[in-house]
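My questions all concern the structure below.
As written, the chain order gives the labels A, B and C, with residue 1 at the start of each chain.
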């Protein structure tokens, strides 16, 4: 087993941005290594199964045939070991990967906020439900309530419906007026407008808040408040999420400092403050697959020295940035109702079973860590930290050096004298 | 024509479609819970994308995320109880 | 120096709210003093370390300090809240060959003389008591009285326990200069007291450059929960040799089972790198050593890696007592890897010297004088 490897261009993430970056960089003749933690390329939005198809397939197949491109699925970056080296971990073991240029395409995760009963089996995120269905979980004949806020609700409802589920309700927290404002402005992006229209469903209700998921061993129903009225719906699954949050851990570990829940800062050639590090896609700011694609192309071209071609894409980039700004401005992100629905025994840290009551007297992470085990479990605060930042304004905990649980055997097999022995970043 | 494989889940042989995740296999065989929390609550996947760690199970002796692990013929899967 | 005509902020100011500073504050408050503790809340060795309560016998002074201190810990044990996670796991010193068995026998004799019981274990005993250990180890020495504790929460308890009338006050602040018995904060404020206790670990030399303290960096890894895998704190007897290298980086096997079932894996030593970045190669070496003793560790998941800086003195003994030349300045620093173990006894010694009370342990080996040219002291001791 190789303990270390070198590549010219390392790309983390094979969603739309990473695939586009790999495709653009591959034409340069430089060596490209594309790494992704799922079993197949496509990220979240183009998720597919082995032997399956998605919008990712044509490019993924082409890349697989390209002599300059190595693809490692089922592989994640667990550790930034230096400015030009990371530790990658896969089922067969880990290795130190050194690189000349890095393109971070780490995408986004869902904003998952605590509510009473959210820990019951059968309660998932909205994107989480889509991911489950696309990976083979059957929802045929199941009654599902989709809740929270954001454009993902309708897309997820459609996926579930096509998979044979009955969507009992799409409970959107935002008010009808806000949604109308968001929809009206979509005329500038006709394909988005068409998407919105086709995804519309009669069970959609705005101004609808999740109060509680009910059940004992698993979810059996959900209590909702619409306007001033509360009601209870029986269901087999509750999918609740509040939009997307950029994944910026690798950038933080490199010493770049994205603001809490903002994306990685880049210039219009997708370059970060570190000249050899680029970032593209949802990790630079939420904006959808089209934004991710063009940013990936730009990053791949720029990282491989194809600057003129990269610059030609700026107009298209600007178009999708305008779309991202439109959605951000017009889709409200008010979570006070969620904060109010929490009860003292609502768990905030799921890894360590810490209820809200234990955190009530804490004003931030320093105090929380002084008095509880909040954030000390395997997710290392990725879920509860994001929730606390959103609901209470807590500064998120600093990213640990190990960015995901990793087999000790993998960590132990990593001596490497190969590649640039750069000084470590981010002390 | 879907290719089927057999694997062992919590000591029982199960036949499932090839190419699905271990989480999907658990769900298809009626197991709705991947682990017990440290206070003994049943838990299952939340985020579906390798972040929340709720779908930790033991796969051939290694602790792995069911939502990101594909099934393989002969695999031995154990859901986690006892506060893991 | 000092500003005797100005209002006093406390009888004693303690710089540093790690385990040693908190223990000093607790002891001084128990002696009737009003205490103000200052800390910048960046976290130091107390937050980073293992919290291993262990009798160490590398030299008589270390043995005396750790034995006395562990006796004091046992008195605290029943008073500590649940959150301090006292774990009476004992230490199992491991011998990999016959020469290390002899080391174990000698160790047992020294501990016995100091009143600490221990039990020699055969290879067969190891298999029963710690089945996860690899076969082929020669045996070991079990010290049942050793334990582990979650030191940051002990700090909380120390700062809050005791008579409310003599409550210890805490202020988050950065001390920029010592003007004993006053201190100057980074915002320019001057706080006045009758005495200042310096207990800020590896940062002590910044405020008091004549202190012979050097940072010795350590790395740790912690796993997900694997309850029942390991029962005792496990340390290789060869630890002694690797811990005292003056130069270069070294690793030794040291694993602690946490009450949660997580395994805390150490240990490593490096000089001269004070960044908080984990050294890839050294971590790999440390983990391979751990896997060598505990093969099952290979397939466990680590969830976090971190570093800490130990404050090391040239003879690996802490510096406790009056500063040789700065009147009003008292020292409780340089505890290297034994700060948690020796905190109560350190606090006892410093408090006794400050107040003139009886001291249960001979303080000479720990005095700062042992390093320097002879200093002249102007005051024999401060008084309350």
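Quick note on the criterion: a residue touches a chain if its C-beta (ideal position, glycine included) is under 8 Å from a C-beta of that chain, and two chains touch if they have at least 3 such contacts.
The shown structure was predicted, so the numbers you read here are calculated from the model rather than taken from an experiment.
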Chain pair, most C-beta pairs within the contact cut-off: A-B
Chain nearest the global centroid, as defined over all protein CA atoms shown: A
Chain centre separation (subunit A, subunit C; CA means) in Å: 41
For subunit B paired with subunit C, centre-to-centre distance based on mean C-alpha positions, whole Å: 43
Computed distance of Cα centres, subunit B from subunit A, in Å: 22
In subunit A, residues with contacts to at least two other chains: 377-378, 405, 407
Numbers and ranges of subunit C residues touching at least 2 other chains: 224, 299-301
Touching two or more other chains - residue numbers and ranges from subunit B: 38, 56, 62-63
Contact set on subunit A toward subunit C in their complex: 79, 81-82, 85, 87, 96, 366, 370-371, 377-378, 380, 400-402, 405-409, 411-416, 424-427
Touching residues (chain side subunit B, partner subunit A) in the complex: 17-21, 23-25, 27-28, 32-33, 37-39, 41-54, 56, 62-63, 67-70
Of subunit A, residues touching subunit B in the complex: 37-39, 44, 49-52, 74, 76, 109-110, 112, 118-125, 127-132, 135-138, 217-218, 350-353, 377-379, 382-383, 404-405, 407
Interface residues, subunit B side, partner subunit C - complex: 38, 56, 61-63, 82-84
Parts of subunit C lying in touch with subunit A, wherever the complex brings them together: 41, 83, 152-153, 156, 221, 223-224, 265, 275-278, 280-281, 283-285, 287-288, 290-291, 297-306
